[in-house]
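Think of it as A, B, C, D and E in the order they're written, each chain with its own count starting at 1.
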């Protein structure tokens, strides 16, 4: 079934990490409203550039503020509709098979020592949001310098998680949401919220959207059903 | 997880097949042309053309996808031209996915065809000319049949490549279910979601099964042809 | 002139520098391996563009490098039987034969049925070239060229891989082509019997050059060229006419400038012109008319010229009426028979080659 | 942005070249072998082998990378074997990037070689046998030289594909600067950050320049060979 | 026996079902195009594995389908000159020639220099096969096979694309191979002169079967096979010895069972065996000894057998001493000379083919 804006269903561009949660939300939305919402999941960067190139998206849910800002600067989103929808947290994980001991994440904690001759898996701190948050946290905690050469910068959080799950890396920094769903890894510590900029998933309606359902869907994202779905995946739903 | 395919999965399979088949079919004529020009032509800038043909192979698919987005997007110059001239829209349509797949498979197809073309015995073409066949006649009756193995190989490569294309497609036409969400994109989406791995694996197996069947059919066809073309 | 050609071209160390003109009928290109026969034929076909050259076929200018004229091969309507077959491997024999017809719609003279019957191709038509024997391939190649309705036919050693019987079946057909359809033919061959039998004009090539051009009579009759035309095949060619038939013994009487010749019956009307080749080695010289012998042809003449041969043998040109005949005899016979220019002699001819038998016909 | 290349960029170029060259060189022998088996062999499971060879083409690169990680990672069975037997570690090393590139280019190389191999006139091989050449001798003196065009095409394709490989590499060995960060990975990283496009573009141009030069050289080599191998 | 073969195989509609055994020297395979000669030779070379068959060469069992024996081609050491050349296009002529040496280190008998000189390959060695003429390719192919140090040589129409002079240069070499190196040769040819000159054993093939096997004398002398051996080439083969030399006229006297024969001087010691072929068409029959004629050879004998020929001609077998000679004469001469079995006659022989001249030598 073609899911273009033309046939009346709503097209949501969403960061790929939201897939499970948003699929559930969309199902609930369809049930509640009798209307259809279709989501296109890809990297926030790709989606943002596509919207800039005229993609027929009605809403954009980004995995970080930067790409939303990118669109805002080009006046491609309605500023009034923009809000921060979800929050997430960073955790330190280790392969469950290693039966790892909890790690107290505090300034100067002995991460380098924990790594031994292994690498720390995390999303690429140069470009991927999760990596940037992770790097910021480690810097704030004063351990970045000791592990900077020992990073395994993955394409995204999922890839970093995979490295830990497979035992390739003894530790990794990932989102709580991803860690919770992966039985092969154990969360050995959580990064204090204050150690990095807030992890936010902003949402906005695009300027190009002509779909009257956009506002209704935006509202539905904050409905109880939606909240439940998001929380089930480990997200924090922001007010 | 049941064994029966869900409607969404069926959609993705159907879409993947459609995209791969169109990509394969539409790139054949230009690929033959380019192979001819590269194998036989002598002109300034031939090396350049050769280089350009290889670009989709050399560039990260994301870059190719992004370039496609810039050129064939709604606001892109070529995108506008095709939309206005032929009513053909690529942006965020399955046609765009086919375009991306065709471009990514193009160098493979050209190379296979060219390889076969270069193996064609030109003395047979000369013989055809003495029998009255002009350039086109020679091509249709001698050259083309003799380079069939390369064409088939090219089609297979293009099809397989299209079937697995991911980076350029998702960058160019996004990942819209039912429209541009081919199997690799669907698999990707699952791998990106917490707990999506089993679904991704399942889809991967489906993808392997479908593409292997297609390959097998093509291989059989090729083997038949090979028998026909045993040298004199 | 039917064919006028002039070509200069280099291939590595080999230099083609050939020119000749010839009339209708069969022009035979004769010469040693590597003489440049195939190269010249390729120029005529349009498959090789010479560095310098000019070619006209029946008045149509096909090549003139000076004026930048080069008619491409497919527009020349020149059929070509290649030295190495060149059948299309992906087509059946039938499709190979039909190939020329795909491009010339014209209902041409030899029909498919005729060609298939002549070359005995019926059992082969559904096969591919890979499943043919060497001789079979060559027959298909001949048929393919014939069916393309050419206005000139190039045949590069077309019969080399055929057995004597096959040759004897196909040669008459080439003669009919020459005589009936009037398609001029350029015929490359190493075989003197084939050449003398078919050729109107003989072009002798050596090392890329044309050594001699002329009628078969002229070139074959020249004693100086004997080493080049092949010593053991040297002989004279006579033009004769059918004079009478002898029904009782199945014989035919021919009249030529040298006198009367008796040959096995020819199915030809009285007055028909036939060509007769008499090899020097097939002539016995006698000083008196031989009696009670099986040879029917005894011609009276005189010794015209005695050429230096080798230690044992020499060649003698005999004048018989206005015609010439070559004879090769031993020096001992020359001495014993006391021959000198002017001696009156009888030439006993056992075999003659005719434009009808396969190679030579016994008489 | 200056025109001179930064040390990091130079690193990435050098690494890309090294990875592509190794991938190309190391996949040649197995590719020739597999091409031989596929073109000439007759055995049960040939279709299966053919299918497996095509897998890296058909699967989304991420999946291939994932499978590589499972097999050749430190914990993977093959990874352990290579580490213990030869001290060869792939995980997070440039060797892993080369492995990923080799695997992604493998079907292309096999296909090109196979195509040339199938065009080799087997009657010439028979002639060589009558002259005393055994299977290996025939292969080395007749088959191999006659299939050189395919080998060169295969090398070019493999090199180009390696040079552009992204998905499998980043999944398998991450994006470690100086160790596994090839040009495509570096380009990708830039495209991920808002405002990174100019740098991505710059690296793309570098990548194009380097790979085009390599292609050109290969093309020249191939043309020379083609002249040598004009049919008799 | 040097070669013993038995083979059954189907190729499409063609069925090979051939068996023969032959001794040392040259075994000629003779037969029409499509008779199965190449197919049989492929079986011997090991390039075709027949459905059923057995092959032994000089006692070595190379093939026995019943016992599952099949020695692969490269282990057979059987040289093969193919009907279509099959030179390696990627190698120079020099490398093509050397090819066999790459696999047999053994310093084999014909050296590179010898072969290059014999076949006149020196100007060609640096070229690739694509730059050779048809005949040149064939010469290289012959050289390549010779240099591979074979224990059996298969030659499939090796001389078909060579001119007469070239042939006359190469034939003696093949004879030397046969006589000096003792390499047995299987020689496929359509040319009766070549076959009779070279062959020890003649194998006549037709439609996939062996029609006759025997010495050349036997097979060529059989009147019933004349249509198959080629009507116009039929004749008898005689074994002779050099009896004396005549220095004055450069002649040599040969003695054979049929009497004395005079031929141009042979550079052979007295007593040497030579083979002489006398074609039926080259024999004139006389009832009384002819006088004052240039033919030196007149043999006395009687009519042994008169075979039905056609309307005009017939073949006669003459008994001369213990030898046979074939003569073809017209029915008119048969009547006029009143010939019947037992008639005493004189055979006048103009030409004989010798194991030394290129084709036929005049006498």
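Following the convention adopted for this analysis, a contact is a pair of C-beta atoms (placed from the backbone, for glycine too) under 8 Å apart; a residue touches a chain by one contact, two chains touch by 3 or more.
In this text, all values refer to a predicted model and were calculated from it rather than measured experimentally.
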| item | value |
| --- | --- |
| Neighbouring chains shared between subunit D and subunit E, ordered by label | none |
| Neighbouring chains shared between subunit B and subunit C, ordered by label | none |
| Top chain pair, ranked by number of contacting C-beta pairs | C-E |
| Chain separated most widely from subunit D, comparing mean CA positions | C |
| Chain centre separation in whole Å, for subunit E relative to subunit A (CA means) | 90 |
| Inter-centroid spacing, subunit E versus subunit B (mean Cα positions, whole Å) | 60 |
| Separation of mean Cα positions, subunit B and subunit A [Å, integer] | 34 |
| Rounded Å distance, subunit B centre to subunit D centre (Cα mean) | 20 |
| Contacts with 2+ other chains: residues of subunit D | 66, 123, 188, 191, 231 |
| Multi-partner residues of subunit C (at least 2 other chains) | none |
| Pairwise chain contacts under the document criterion | A-B, A-D, B-C, B-D, C-E, D-E |
| Of subunit B, residues touching subunit A in the complex | 11, 62, 65-66, 69-70, 73-76, 91-93, 170-171, 174-181, 188-196 |
| Partner subunit D, residues of subunit E touching it in the complex | 45-47, 72-80, 82, 85-90, 99-100, 102-104, 128-130, 132, 137, 144-145, 148 |
| Subunit B residues touching subunit C - in the complex, by the definition given at the top | 123-124, 126-135, 137-138, 141-142, 145-146, 228-232 |
| Subunit C partner contacts - residues on subunit E that touch it in the complex | 11-13, 31-34, 38, 83-84, 123, 127, 131, 133-136, 139, 156-157, 160-166, 190, 192, 230, 232-233, 246, 248-251, 262, 264-265, 280-282, 284-288, 290-296, 310-313, 327-335, 337, 348, 350-351, 357-363 |
| Subunit A to subunit B touching residues, read off their complex | 1-4, 11, 13, 16-20, 38-42, 46-47, 49-50, 53-57, 156, 158, 177-178, 180-182, 233-234 |
